[in-house]
Each structure stands twice: as C-alpha cells, then as structure tokens.
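Both complexes shown next keep chain A, but they swap its partner, so chain B is in the first and chain C is in the second.
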Partner chain A sequence: METKPDLNIDRSVGDFHYDVDYEFDAGTGLTEKTIDYISDVKEDPDWIREFRKEALRKFNSMPMPTHWASHDLENIVFDNIRYYLSQGTQPKRSWDDVPEDVKRTFERLGIPEQERKFLAGVEAQFDSEAAYSNIKAAVGEQGVIFVGSTEGLQKHPEIFKKWFGKVIPTGDNKFSALNSAVFSGGSFIYIPPGVKVKHPLQAYFRINAENFGQFERTLIIADEGSEVMYMEGCTAPKFETSTLHSAVVELVALKGAKIQYITVQNWSANVFNLVTKRGLAHEEAEIKWIDCNIGSRLTMKYPGVIMKGRKARGEVISIALAGDGQHQDTGAKMVHAADETTSNIVSKSISIGKGRSTYRGLVQIGRHLKGCKNNTECDALLINTDSRTDTYPAITVRGKENACQHEASVSKISAEQIFYMQQRGISEGAAMSLAVNGFVNDLVQQFPMEYSVELKRLIDLEMEGSVG
Partner chain B sequence: MTTLMEKPAAAPSAWPAWFQAEQSAALAEYEKLPVPVRKDESWRFANLKALDLSAFVDANPVASEGRLINASTGLKETAAKLILGNNALLHREAGLLPKGVILETLESAAANHTELFKKYFMAQPVELGSRKYAALHKARVAAGAFLYVPANTSVELPIELFQWVEGANASVFPHTLIVCGENSRVTVVDYFKSADQLPAFACGVNDLHLARGAKLTYISVQDWSRETTAFHLNSTIVDREATATALIANFGGAFIRGESLSRLVGEGSRSEMYSINPVEGTREIDQRTLQDHVAPNATSDLLYLNALDDKSRTIFAGLIKVQPGAKGTDAYQKVKNLILSDDADPNSMPGLEILNDEVRCSHGATNGPISADELFYMEARGIPADKARRLIVNGFFNSLLTHIENDPLRLHLEGLLAARLAIG
Partner chain C sequence: MSLKIENLSANIGDRQILKGLNLEVPKGQVHAIMGKNGSGKSTLAKVMAGHPDYEVTGGSVTLDGLNLFEMQEPDQRARAGLFVAFQYPMEIPGVTIANFIRAALQARLPEGEELDAVEYYEHLYKKMDSLKIDRKFTSRAVNEGFSGGEKKRCEVLQMAMLNPVYAVLDETDSGLDIDALRIVSDGVNAMRSPERGFLVITHYQRLLDYIVPDVVHVMVDGRIVMSGDKNLAHKLEAQGYDWVEKEILATA
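Entry: the complex of A and B
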C-alpha cells in the first residue's frame, strides 16, 4: 500500500504570542558583559558570578559536537540570540498578581485550571524568569521547598550549593556550559526525609519573545525515603527565526527516595531544544524519566541516571514523534556504579513524512560490580517512504556477574491492519491514528492520567484524502 | 590430490609500472592522512596505542620456506592451494581447478589480466575508519591472491589460501581478491598464520565481488601470533540474487582491527556476516561493520560472537544502512558477548540508519556470563570447572558454525575451534 497521508499533528496549541514590555533585557549576543548584566539583575552572589564566567570560557573553548551530532547545530547563531528577558526576578504567589499580558498566555494554555484540578504546586516561567510560583499550603507545611532557581540559591544556599553542578558538571558538553553561563529560571525543589508528595509538582516553560534563548536550570533533591513527581510542559510561538532552549536538569535521589520526572515537549518547529538531564540515585533510590518529545526543530536530549548506591534503579521511558522537517535525537544514558543496580530503557519513535528520529543510548556497567542488569528496547515506526530512523547505542558492560540486553526493531504500519479497520468503516486517517496510538499505548499508560489524555490528543493524527 | 607444483607466470614482487605509480601515490596519501583520534566516531572506544607502528620493519624473504609449506595444512581435499609468506609466493597447487578459473598472485594478475585487475582491485571506498591503513596497504602490497571464477562455473572443492608472516617485527600486506562471475560457485578458506610467536604487523585487504546469482563462501581463519597487530579490511559487493557467506574467526593477534562492509547492490541479494572471537589475556578485537542496503528486497544477516576472558577487550560497532530505494529490506544484526572474567571489557554499538519504511530490520546486543546452571550440570557429572567452561564456550561458538553448509568444511572448522579452546 502506497500511502501519502497528510498527517497534521496538533502542535498549534501554543502557537500564539502577545507583545510584552520587558523591564530587563540583556540585548543580543553573549559576552562577559551579558553575564554581568544577568548577575546584576539577579543579585547573584560572587561565587555564582564567577561560576558563570568560568562556564562562558568553557563554552567558548568547546567545539560543536558535530563529529557525531547533526550539522543543523551549525545554524545556531549565538550572536543573534537574546539571553535574558524578564519583567522582574520575583515570581508572584497568586495569579491575581501576575501581570495581565503574561497571565493571559498561561490562561490560554490552561495552567491555572490544571493547578486547581490536580497539582500540588506550579511554577510558570515566561522567557527568563518565573512569573508565578506557588505550592499548596499543605505541601509547604510538610517542609517541601518548590521555588525558582534564583530563590533557591538565595534562600536555601546550604542545600543548593551542595548539589548544584555536581550531577552535571559545567563542561559536560557545550550546551551545559552555555546553560551554566546564563541560566535563569527553572525549579529548585527539596523534599524532606520521608515526605511523599501525593500530587505532582508542575513547571510550565513558555517562550514568548523572538530570537530568544531560554536557559532554565532545575535542581531537585529528594531526601531519604521521600517521593516526588515533577512534570514539565513547554510551548513557544512559531517564529520565522530560530529559538534556542538549553536547559540543565539535575536530580538527586538520596537513600530510598523516588523521583519521577515527566516531560511533554511541544516546542514550535523553530526551536533548537538542546537539553542535558541527569539524575544521581543513591542506595535503593529510584529515578524515572518519562520523556515525550513532539515539538521542536532539533531536539538533542539523553536523560541519564547514575546509579551510585546499591540497589539503585534508573528508568527512561521515551516517546518521540518526528514530523516533516523535525529531528528528534533522543535517548538515554545509564551508568551503573554500584552492585545490584538495575536500569530499563524503553524508547518508541515515530517518523512521519521527512521526519527523522534518532535513538542514542549509553549503557555502562563497571567491572567488579555484581548483579547489575540493564534492559533496552527501541522500537521505531516509519509512516512514509522518506521517513527516517536511526539507532546508535553504545554498550559497555563489564563484570561477569552482570547482564545486559539491547533490542531494536523498525516497522511500518501494516497495510493489513489499516485494511482491516477500513473494512469496518473506519476512515484511513482514523485507522492510522489508532495504529500509532496503539504503538505507543503501553508507554502512554505509564503517564499520569491528565498527561496521557494530553498526549493522545497531541498524537491525534488527522488525515484527509490520504490514499495516493 | 595433486602435488603438481607450478611456478607463477610472472616473477614475484614485480608490479607493472603503472601500478608502481599508483603505489607511490598511495604512499603519499598514507603519509598525508592523519592518525585517527578517539573523537572520530569510527574510532570510538578504540585503543589508539596500537596505531604506533614504529617498531615494525620490512619483512625479509621467508627463511624456512619448506617448513611453512609443510605446515600449510587444512582440509583433506581441496581444489587448489596458494601459499604466500612475507609478501611473496611460496607454493601453488591448482590441478583440480575447472577450466577458466584463475588463481594466481595479484602481481601476475595485474600483468596477465589487467582489465579484471583494474576493475576490481580496491574498487570500494574505505568507509569504516581505516582509509589511512588502506592507503598503506596499497602502497606496500606485493604478491597477494587473485581468484576469478568465470560465469556458470562451480568449483566443487574448497580453495585454500595460506598467508604467513615470519620474523620479529616483520610487516606483511596480505590481499585476497575474489571475483565470482554470474551463477558461479566457490568456497575459499583464507588462513593467516605466523611462523613464530613474535611481534609482527599485518595490514590486509580482502575484497569479494559476486555477480548475479553467484554463491561464495569465504572463511577467514586469522591465527596470527598473540603479539601481532593486524588490520583486516573487508568489502563484499553482492549483485542480484547472489549469496555471500563470510565467516571471520579471530583466533590470534594482540590487536585486531577488522572492518567489514557488505553492500547489497542487486535485488534479492543476500549477505551473511559471521564472526567468532575467543579473546583472553590483554588481546583486543575491534570490529566495525556496515550492511549497506542499496537495492530492494535484499537480505543481510550479521551475527558476531565474542567470548571474553581475563583483561581482554572487544569493540563491536555495526551499522545497518537502508538506503531510500531499498524497500523490502530484511536486515538483522546481533552481537553476543559471553563474559568470562570481571576484567574483560566488551563494548557494543549496534546501529541502524533506516531511510525506507518498507523494511524488516532488527538488531540486538547481549552481554552475559556463563549460566551457573549449565556449569553446575557439568560439574555434577564430574567435569572439572575449567573444562566445563571451555566446553560451554565451544558450544557458544559452535552454534554459529551450523550456518556453514559444507559438511567437511564445518567439521574442519569445529576441529580448529576445539583445538583453539584446548578441548580434547
């Protein structure tokens, strides 16, 4: 069956923008002066200012990783980007206090409504700074801290400094160095020992301005025996020029703690989304990344877990949908550094039209470790003849008491399947949509209910006159 | 079996002038190309210390010719035999070859069959990282084996090639070029052997060309000394409905870099790529492969087995590439690492690049130890643990040898494997 389905994935939800007056604007281009401007506005302590400048030096000295990564990276013009835009550095605690021009954006995206319905806390970032940040009183009373990175740094320096930059060093890669130089916004979360946060905490990242770079920095520390689920969403309007989003997210799960980090990435198709995410799991701790990439022009993101303590567990569940002109370069890193650590990677990608999805993985099990196990499964679905998928895993598993298996498969939607559904009166478009949803269904079920509904809606494929 | 001894038509080590000019250009290219660095994706995880070739020298003519010829034993029955040592022909038997089959040194083929030589000699670009070493090979190659099987010709018994190195730090440049005409059939066993347990350097190329409907079984038994550094750069080009089966057994070498490219250029072609790699001590086997599906409805099947003991290392980096026009591709790639020691270091990078949606493609990589149950079963029957381990490793590799259809050849390979694993 030769089909040329006209697949329209609904990426339009976030495609709008309002003119906003910014109080602070670091201008375009990146020099030491940009850093000083940001540090002045944010009233950074001296060690952070120096940390940023050192990171800028590293960023400038590191080459683009195009010896393995997409050459599309060369199209990022760092001199044309605006590195800091805000209406002030202090987020509001009540939606009533959020300036009207920013508030209507989040209302249109449905954030206040979701907060009322099922969230334990929300942070809403608009360009460089959080416009709104609040947690439910009951959660705050348990000692949970959920603030922006600036506030975390200023009000909780003893916890912040201990872990900041420790999971992902500045020089980990060129874009983590860039983030370290100009970071602003993102969340700082601390969960005290034994506290299990019942409802998810959510952050919403919104890019509103053209030629803008968003560099949020998130640090989550789950103390012994605690549990937390964090969800992030993101959107941006579709500008003619490219936009850069380069976040660094560090998770620390202390003994017996559990962190689930859920991302639904729906950037517009002009966004370079280059994100470094890594978690450090101590003894018997569990870190789970659920990573769903639907938007952006180029995403490069490989969430990782370093299993540092005995019986720690790491998991990455990844769904990527690459439409025409999109490249979803995603994957996972699992570093086993203690006995009896286990990890699981399940990746499903769908390439549509000329879309390209790439899985890159790294699995390391050190020698002299015992009882470590990794399981990796990568499945790719190709919708059209010129769709593309790549798989590039790297596996180093040492030690004779460890085991690892990796499997990948590539398939297309079978003509029989579509025919069967059409026979029963389902249109070809709806049949394709059902088949794609079926392909990712077992993963989507791992999402919290509200997100799985959202995700199904995003993957809702509309096809008309598709038989060619 | 014939004992007829024939002298080659041309004097050894005597290339035509036009090829000597190409060799000078290749030498210049070798000198110009940079030494690979870790940052090169095709050298990821590689041990670059092995690329220091400064200790190696030109090989002298073989001193113990008679001993090497006598030691060049393989199958009981063969159609022909070519024995080369230190870049020169030592011995040739070709009595049972059907009419029209050419088996001689590359040098004489360049002079006597210039058209064929020019069409097929190193005709494929080196794509898996070792361009520099392919240039070195071309600059220094002498003798080598050239086999041409004309259309509709079957060579019933296998042909054996022996390529020897002798002397401390000697450098050899083995080359095997096999051209199979339409609907021809042939089996070749290529042995790489050291006369002594000394350090040496081998930089070899072997290219297999299969025309429409041809069937080639090519076995490489690499048994260099445990102190040899060797490059083996292979390419296989398979045309319509032809089937290539290539098995590489890496028994020897201190550092082996193998690059195997299989390009399926004709519809309905098939390429089987197998490798068995027992490694121990500090030996290291670095293998890079490419299954390049250009034509539609072609099949490729890759299975590489590594058993790693002591502080040995393996690197497997494989790629299945399905080009936009290659619909109906059926491609399979699997590497299995059996880990026998805590210090062993296996690295696997099984990759896919799929540019067509009508494909069946899968790959897999597994790492695991010997099953404790299997070991217990044998020990309970009085088999000492060490021997039980070797039997299990033998069984692990034997599972792959079942892909070899020719019975005497499979039994011979099983014997070589058992000897290599000291099972008796």
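Entry: the complex of A and C
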C-alpha cells in the first residue's frame, strides 16, 4: 500500500510521542507505598497524605460498577499501570524554560500559539505534572489565581481546603476514589468577587507515556458575581496497551457567579476515560458544561450540577462521537435542591460503524420544591447499521409545582444517503463529516469560535479515518 | 465526444437486470429512454453512478473516452462530469442545501483552494430564483420534508450549480404537477448546450413535450430495442409498448 506519512500525522493529531527521561517514577501498581512516593515527591501536607490513603482504602473496597456499566472496565489491569511520572513538580512560567522534548510536544499541538492568540492563561500538563503554567499579567493583577493543584494546595490552603473534595466526595464512585488517592496535576482556579475574566483560561492534558494513568484534579471557585470560562483539551498517542485517564473536576459558583467549562477531548482509541465532573451552584449562580467527547476506547462521564441556591441554573451540552470499536457512555446529572432552579440538558451522540453511544441522565427535583424546571433533549445519529445507541433517562420529579420536559430522537445516515452525497462529488469521508457537522451544528454555534473550528476539524479527521 | 454505453450488463444480487445494453449520447444532444416499469431504466442510472448494490458483469461506459468503471467511488465519477437526478432523492437530515451544494463545489476545487462564499451565494440565489425556489430553502435540510415537486426542483438546482458534462434525469417528471413540470423543464432546457449531453429517463411521453429529445430509445428487459425521433414517443404514448415487444419477437 502507498504510504503517506504527512497524511497519517494529520489524521490523528495527537498520535505521536517522544521518549522522555522521567526524574520521578512511582513504578507500576498501586499500594500505600505508591501513595507515600507521590506524597514525598509532591511534599504533601499530612492531611493530604492521609486523605490519599483513606481514598485508596475506599478504592480497594469498592466494586467495579459493572452491574450497570460496561464490562470492558474489567479489562483495566490496575497492577500494570504507572501512577506517577514527572520531570519535577514545579511548572515553568515561560515556554523557554520548559524542557525541549516536552516543549516540542506542545508546540506540535499548537498550545503556545493559541495562548498568544486568544487565551488569558494556560496550563499544560505532561503526564503527571504541569510543565507550564502562566496567566496574562493583567488577569493576575485582578487577583485571579490559576495554578496547578499542588501549588494551589500549598500556597492557597485557606481556599483550597474549604472546597476540595466537597462537591465530589472521595467515595462518590470507584474512580473518584482512585483519583483522590493518586491525584496529581489539574488546575486550581479562584476568581475574586465581581471579576469577569474576559478571555478563556485553558488547560491541556497530554499523556505521553505507555501504561500510564493520568489523574488530574481540578478545582474552580468563582466567588460572588464573578465569571470565568475554562477550556480543556486532551490527547494521547496510540499505544497497543491501554492507558487510563481518570480525572475529578469540582466547580463552585458562589452567589451570582458564572462558570462555563468546555472540554474538547481527542483521546486515542486505547484510552479508558473515566471522569467525574460536578459543580455546585449557589443562589442565582450558573454552571454550564460543554463536553465534546471524541476518541477513547471507553468514556464514562456525566457532568453534573447541584443547584443549591434559589434560582441557580445548570446546563450540560454534550456531543459524543463513537467511532468503530469505541463506546461513549455519557450524560448529565441535574440535582435541583432549591426553589426556582432551572436546568437544561442537550445531548447529541453519533455512532459510526461498530461504535456505541449511551446516554445516561439523572434529573432530581424534590417534593418540597417549587418553580423548578428541567429540559432534556437527547438526539442520536447512527451512521450505518452496525451502530448502537441507548438512552437511559432517570427523571425523578416530585411536587406539583415543578416542570420537566424530555425529548429524544434517533436519525440515521444510511449507505443510500452516503451514495446520494457521493453522486454529487463529495467523498465518503466528507459526506459523513457533513452529516455529523450538520447534526451538531446548533450546539457548536454556542462555542467560542476557535473551539468550534477545532471541533469541526476533529470531526473531519475522525470521519476520514473511519472510511475503510 | 459522447456518453457511450457498450454491451453493459449488471446484476443486483443474482438477478441480471441489464443485458448487454448499447447507447450513445453525443455531446450537445438530448436522448430519452422510455420503457415499462421494471425494464431496467433506473438501474442504468444507478449503475453508471456507481451504486454499491449493483454489480457490473460486463461492458463499459465512457464519458468522452474516459472509462467510468476505472473510477471506483461514485464521487470520482461525479467529479468527472456525471450527474444523476434521482427519481427518489434522499433526505439528508441536518445538512442544509446551501452547505451541501457548497461542499459538492468545494470537492471539485484543487486542494488548498477555497470557494468564494459571496460569489457562491450570488450564483446560488440566481439559480434558485430561476427555478422559483424560495431563498429560505438554502437553510433547510436537503429534501427533508420537501414535497415531491420541491425535491425534483432541488435536483435540478443541484444540476444547475454543479454544471455536469453529462446529466441523467431519472423520472424527473414523476410527482410533478403541470406548473412544476414546466419550471423543471425550463431549468433543464436552459442548460442545453453543445457542451453537454442529457439522458432523460421517463415513463410518460408528457415530459418530452417540454424537453424535446433528439433521439428516443425504447428499453425492454435490460436492452435498448428500438430508437427513433420524438415521434416514437408519441406512438408509444398512443399505442403502449406491446407492439414494440411483438415487433422484436418477429425480427428475433
């Protein structure tokens, strides 16, 4: 077969890796010793070391959730995974100081360029630790804190400790327990009262090593009346063996604050992506998750919002693309815990070939509440007949003065439709891209421009790659 | 220069539909194929376009000497200049007419070249106006929820925008009322040119009053069995197809 090296690089943007010498390596497998190693390297305070060990006990005692989730989870061999790899715990403030091998990875992914163009701050994580972290001076002067989780816990313990692990308790699920035991990296963000950060803050998570687990931990606190948009991107090279990504993300929006959290992930097809994301919205606060899941072997992710204060608002916009051999198990959780809270879930999934998409939703409105509203829309697009899609909405609405609306649809792109488009001169891959982009278009219009362009490009590449 | 079909045979599954079909449409002419249901007219259009359900078992189709069957993918054949207006155009949910035609035009440009959006819309609106298609249709999904007539007009719009060298119109008159038939025919007639050939497949003579053919062919059981001028169409309309079959049997 003819080889086209340039094209291959393009096709899977993140599929490359450089050999890197790691200064710190916790080895394979997970025991108390692994925890001590991580805590020593990171110079954790005692309460964190204890927090980690308690989490490890919970992780070990909890069963895999295969009574409802995919049995593919059983294929994760925890003993074969490396839980901590880094070249040091202190991120650099200038790209010039980032080690060459790491720097060229991020340059190839276009991160420094994006930073110059449109970002207020960037954190670039390479395996377990951030290699680079910086915010624009003007943003820092407003009192905005944007650092890694290690630095956050060491330098801002008064804010960190108050909220850490409060939105998502350690034992929320087996993978939040795992993350709590070995977490490293991720962002800590604090926005002072009334500060509206104009440009987005961005984190980029890069897995470089084989047999590796990335466990970043992100905590964002938006103080009263503040606003922030945070975006994360992720890639990993394709290895023969599986890689684990298990993050925990906690958001706290205090009275009247607004947080928008955007994910555009493009994991390679060997990654188990098992992430817990939840936000706590106080009175009149607003939390919006925009979640685009492309790639991975199995993604399980259900971003949630707990609307704790009156008139709080939660929103999840989710796009999942399951290519051949992939399973996107995604959805949303909306917990209404105060009067007049409103939530909106829009989920669009695309399954191609033997790809599989599952939507799981949970909406709870308690009996004693009034004036609460939820709207849920789940749309699925199936491209060719092998695809599978499932919807599991769990909606519990009690009390007479609350309203809930649920709509679901399934549409199909058949071989006949692809043929029709091809007869007009459009290639098979471009025809599928066109159908997929058309399907998600109304959601993508809500993204910042740079990200909608990026998402469109990822969809095009994925479709091109899915043509036999 | 012609669209030349030589000894073409094709199957769907185990069933042979085309049985050694010969036909030549010189550039600049309009040829019509008439025939009963099940004679293989629509199969001919799909086989030329490269529909995956059909297997070509013999013969060839060339576009100005270019062998169509050396091009595997339907989109390659389309870009080589072949257009098929389908009897039952597909609905493409979520893809607007404007984006669809734009992608089709973009696919014809060399790599790295971008279609000029302003020029494109000017051109598109002009063609829509002449086909009496409301400009609002640009933002509607291709054929989704369209009436039969709207679908056919949308096919002709695509043809007008893509400017093919050879166009095959498969039962473009079906489902059209008399006004829509006139609009669609005017659209096709406006495209008649020495640089283009048309193959018009139809069941009824009616369409040929509007799109007057240079040659009329009769198809029976996967072959062209008789050819003549436009008067042949009138004769078929008046007398049906039985006499054709009798005549073939007599000469066989």
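Here is the rule we use: the second predicted complex is superposed on the first by the 430 of 468 C-alpha atoms of A that agree within 3 Å, B and C clash if a C-alpha of one lies under 4 Å from a C-alpha of the other, contacts with A are read in each partner's own complex, and residues count from 1 in each chain.
The working rule: a residue touches a chain if its C-beta (ideal position, glycine included) is under 8 Å from a C-beta of that chain, and two chains touch if they have at least 3 such contacts.
Computed from a predicted model, the values in this text were never measured in an experiment.
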After superposition on the shared chain, which partner residues are touched by A:Gln445: those of chain B (first), chain C (second), both, or neither? neither
Contacts of A:Tyr420 with chain B and chain C, given as first, second, both or neither: second
First (chain B), second (chain C), both or neither: which does A:Thr389 touch? first
Applying the document's definition of touch, where does A:Ser94 land relative to chain B and chain C: first, second, both, or neither? neither
Examine A:Val397 and indicate which partner it touches, taking first as chain B and second as chain C; both and neither are also allowed. first
After lining up the shared chain so the two structures overlap, which partner does A:Ser411 touch, if you call chain B first and chain C second: first, second, both or neither? both
Would you please give the residues of chain A that touch chain B in one complex and also touch chain C in the other complex? 411
Within their complex, chain B touches chain A through residues 39-41, 44-45, 324, 327, 337, 339-370
Which of the residues in chain A end up touching chain C in this complex? 381, 411, 413, 415-417, 419-428, 430-431, 434-435, 437-439, 441
Interface residues, chain A side, partner chain B - complex: 67-68, 365, 367-368, 380, 382-412
Where on chain C is chain A touching in the complex? 49-52, 73-75, 77-79, 83-84, 86, 89-96, 99-101, 103-104, 107-108, 141, 158, 162
